[in-house]
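Here come two complexes built around chain A, the first alongside chain B, the second alongside chain C.
Presenting the complex of A and B:
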């Protein structure tokens, strides 16, 4: 064997575990799910599937529960992603100052993002609980009336607060980005008499846009798929229906599939979500050339 | 910069310290609170200040349900995915970092794009397929999923291996080392930081996973994550959830995750901060 073919053989041998599993347990199920979404599969008729065309997709768009859930999910995403991204960036900027004990604070901000969902929910249930809940006790000190945090009016706010508590997961990537900004830019700016706000506005923010872009993209993809937190925040079993405002899209798909055995319809629901995620990602990519700063631009 | 920093020490830094302290308090508060309430008497209302210390709540957390059986199930699942995924992700990452072949860039783009694929869209059809093959209530989903590696881990490995100087493998090749031996004897011993990072992230992911076991396993094989999300702590004969014991269980459940983070913090932080997201 020549050196080159030896290399090619080694390369493909080494990536084969990933590649085989990717094709069989990634690509194939993806397309298989697409196929099922055009059938009448409901769990017991695997040997007797009928192609029913776009019927399931028509159902999705006339299913008021699905459309309501999609709306709530977009609302949740529209609030959660900007706030989460800003919070992670803000905390990283605070930590990036050479402060004493920086490592300790970094750990404190990062730790909540590590806490498993189950523990997070148990913790926040005490914060949110209605009578005698801790948040209400704190509001009381400031003379604000108690709020039913897990009730109809505030359930989504509570869900967002709980999610933001884990926003520190993004600080590591942000810190990496901040460390990559050349110090001489700030030195030059300070000679020109720039203040802290101008430094942030003209140097930090533009140079951080590639990281912000990444965080926004991943945030959107993640937020649109949230389902465990809303289910468990109000209920105490996986097939429980969350309170109406937290009835998010994947919760609906989950209900259809596991509670009602409507597999084909559930797959149609999930493929609609996939297309929504794809569309939003493309929008973020297309707009990125207007707001994301790439280093290669400067080199040219 | 230094001089300016010193000049503005009094006002600027004071505000920053105040902000950092405030944020720290906010982030730590729910954890403090759950500790306090896990020690309170049964069926009491949540409190901010501890009034009693019922350490036996932690014992009840492990005796009112089959806690240790579920914990053992958790460890089995974690063990499977930790061993398989840490090894194969390393192999794949190495191939992408160090072996130049045509088509490599394209394949790597595919790996990166799978990170953006919504997991739930493939999970459900995989469940249906595994159900048909008879993989339900077996560990095959974890073994196969682990062998497939994980896009993010592959990415971390690739970044790490790319930074190792080329002379290393040239020397090995002159000595007649095969590509696999070069990986095993030269690269792996150098890569403890990235192996530790991947192993820990892997463990934490598998430990907290609620939904995969829910789909593929029977209740008696559920790990803690799934068990705690469907079983409530109640005293015999009642339906009222004992919040204090539930929280104690929640704390016990997060201890391994927090512990592994502190053990590997140095590597995780370094690994992510130095590789960053720039491909």
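Presenting the complex of A and C:
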């Protein structure tokens, strides 16, 4: 064995634990789901499967529920991702200042992302409640009329508020990015007379763009896949149908698979979502060269 | 070009990885059916020969919950049948769907008789138990109450044909429970428990019983269920249609049409009730459950079946003043027939693909007809499936006597909800989807009815296709 092939073998050997798990528990189910999406699988006819071509995919685009849900999901994502990213960055910048007890604040802001999602939902349900809910109590103090937080008109706003409460999860990675910015840049800037805003605008923000890029990408993927929060915010069991404005895309897929046993159709729905995620990710990647700053210039 | 290709590949990989480990659970992207390749077809053909040779210990898995089948009961059974071990598997709807898809579902599957029997029969999951029940010395056919037939299905009609299961217990799920303290607080006399109210009368009563202090609601008139909001649901619709004599199913069940007067009346009546805030609902966004309100004297009436007497007898708030509670007969549609159907009838079927049909049956026979059936009847947490066990229901206190008295009347009006076997439980989501917007003035009753009819027929056509019909 030559030195080169030994190095290659060592490489594959070292990544093999992850690779084997990824292939068997990740890639295989995904591709198997893809295969099933071209069949008439209803959950009980495995030994009588028929290939039905693109039928399930045709259905996705003529299913008014699926298209409605996709529209609501894109709307949710379009609001949730920028706000979530900005909030996580803003909080990280505040927490990055050397203040007494900074660590305590960091812990407090990070804490929401450690709370299990079910507990988070139950807690917010009580806060959003029209009977004794704290949000309406606060509005009442200021003489503002009570809001039906989980009703038709505000349900999506409430869902976004609840999701943003967990934005602290992005703080950690933002803080790591902020710590990585060389101090001497700020020192040099202050000698040149730059203020706090210029520091942020000319140093912090450009150097943080790779982190922001990562957060935006993960935010888009995560937001498009949200399903538990809308279901449990209005209902009390997994197969409950959320209030219409919060009927998001994966909720629809989940309902099709588990409430209606339309397994094959559910797979087609999820693969369409995969393509949507892929397309949006490509757009973000392609635009990144205009706004993401890399220390080492990429090869042209 | 190469850079572009690399970029695309990289993007795809990142998306794929994120999708695999997505924190919001998108692992469903195929996960549910990942292990489907191993589906076997043990089917009906499994015989006693391959289901436990002499001396071999066989494990029977069931999704009957540990609250319904205690450790002591299991020990009793296992002592009697040393070659059978019972294993309880806690299942929710999603896990059961995945297990059915991968042919790894339990041998004895807990289901709701009223809504699920036909669907399990059509899908070929439920074993036909007719011969076994007819030949049983523990379960006597002639002793079964009429409502036990909710587990029968002849391919078209629920209530006739092959027997696929038995109810563990059942109830007249659309009866009204009253809380006298709340009636007194509103200065409203209790209705006559001999005559059923009409549903519009219930709603009028609910309005009178709802007490406000300025904008704040001090007491609700009606809770539509013990766990949820005071809003209509598909079950309530079916009971109303049954009482009104409406026809929503085509004779062959191949289509449904909700555009009939009873459905319109039902939806109009309930939308009005929601807008009047007679109970916790999506408009007032009160998150307290109907049951909690009723038990703490903050709701005057509750729609629920006989089994709820078990809750009232055991709840800390209510067990000290049982005389304040009682049951009223199941309401009827205006000018309708008296009908007191069951909305659930929880029981079980035997999985047609079980490898041990004889052992599964032994357990089934014991659980549904043996000592556990007596134990259940004595607690009053539901009605037995056997006439002879009715006398075991609690009859000691005044509360017991009032409830038992009304029940005797109710039993005369047993009937089956007009469940479409192909739509099965699928109507719940469809109903909510179209009716909920009405509370917020976002749709009209006609639009809702058209939508429900359209979606229900799509689901029926699909289910028929899936069953190869």
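The rule is simple: the second predicted complex is superposed on the first by the 280 of 300 C-alpha atoms of A that agree within 3 Å, B and C clash if a C-alpha of one lies under 4 Å from a C-alpha of the other, contacts with A are read in each partner's own complex, and residues count from 1 in each chain.
FYI, a residue touches a chain if its C-beta (ideal position, glycine included) is under 8 Å from a C-beta of that chain, and two chains touch if they have at least 3 such contacts.
The model shown is predicted, which means the values in this text are computed figures rather than measured ones.
Student: After aligning the two structures on chain A, examine chain B and chain C and state clash or fit.
Tutor: These partners clash in the superposed model.
Student: Does chain B (first) or chain C (second) touch A:134, or do both, or does neither?
Tutor: After superposing on A, A:134 lies in contact with chain B but is clear of chain C.
Student: With the two complexes superposed on chain A, say which partner A:14 touches: chain B (first), chain C (second), both, or neither.
Tutor: first
Student: So in the superposed three-chain picture, is A:238 touching just chain B, just chain C, both, or none of them (first/second/both/neither)?
Tutor: both
Student: A:151 contacts which: chain B (first), chain C (second), both, neither?
Tutor: Only chain C is touched by A:151; chain B is not.
Student: If we overlay the two complexes on their shared chain A, which of chain B and chain C does A:72 touch? Say first, second, both or neither.
Tutor: Touch partners of A:72: none, neither chain B nor chain C.
Student: Classify the contacts of A:255 with the two partner chains as first (chain B alone), second (chain C alone), both, or neither.
Tutor: Second partner only, chain C.
Student: Going by the contact rule set out at the top, does A:274 touch chain B (first), chain C (second), both, or neither?
Tutor: After superposition on chain A, A:274 lies in contact with both partners, chain B and chain C.
Student: Given the superposition on chain A, at which of 24-32, 96-104 or 114-122 does chain B overlap chain C?
Tutor: 114-122
Student: For chain A, which residues lie in the overlap of the chain B contacts and the chain C contacts?
Tutor: Overlap of chain B and chain C footprints on chain A: residues 22, 25-26, 28-30, 32-33, 36, 41, 46, 125-126, 129, 131, 133, 217-218, 221, 225, 227-228, 236-238, 250, 253, 257, 263, 266-267, 270-271, 273-274, 277, 281.
Student: In the complex formed with chain A, which residues of chain B make contact?
Tutor: Residues 1, 4-5, 12-13, 16-17, 19-20, 23-24, 27-28, 30-31, 33-34, 37, 45-46, 48, 88-89, 91-92, 94-96, 99-102, 104, 107, 110-111, 114-122, 124-126, 128-129, 132, 144-145, 147-149, 154, 178-180, 183, 204, 207-208, 210-211, 214, 225-226, 228-230, 232, 241, 243, 246-247, 249-251, 253-254, 257-258, 261, 265, 268-269, 272-278.
Student: Give every residue of chain C touching chain A within the complex, in rising order.
Tutor: 7-8, 10-12, 14-20, 22-26, 28-34, 36-37, 39, 41, 92-94, 97-98, 100-101, 103, 123-125, 215, 217, 227-228, 280, 282-288, 425-426, 428-429, 432-433, 436-437, 439-440, 442, 459, 462, 465-466, 468
Student: Within the complex, which stretch of chain A touches chain C?
Tutor: 22, 25-34, 36, 40-48, 65, 125-126, 128-131, 133, 146, 148-153, 217-218, 221-222, 225-229, 234, 236-239, 241, 243-244, 247, 250, 253-255, 257-263, 266-267, 270-271, 273-274, 277-278, 281-282, 285-286
Student: Provide the residue numbers of chain A that touch chain B in the complex, in ascending order.
Tutor: Interface residues on chain A, with respect to chain B: 6-8, 10-12, 14-15, 17-22, 25-26, 28-30, 32-33, 36, 41, 46, 91, 94-95, 97-99, 105-109, 111-112, 114-119, 121-127, 129, 131-134, 137, 165, 168, 172-173, 175-177, 179-180, 183, 186-187, 190, 196, 210-211, 214, 217-218, 221, 224-225, 227-228, 232, 236-238, 250, 253, 257, 263, 266-267, 270-271, 273-274, 277, 281.
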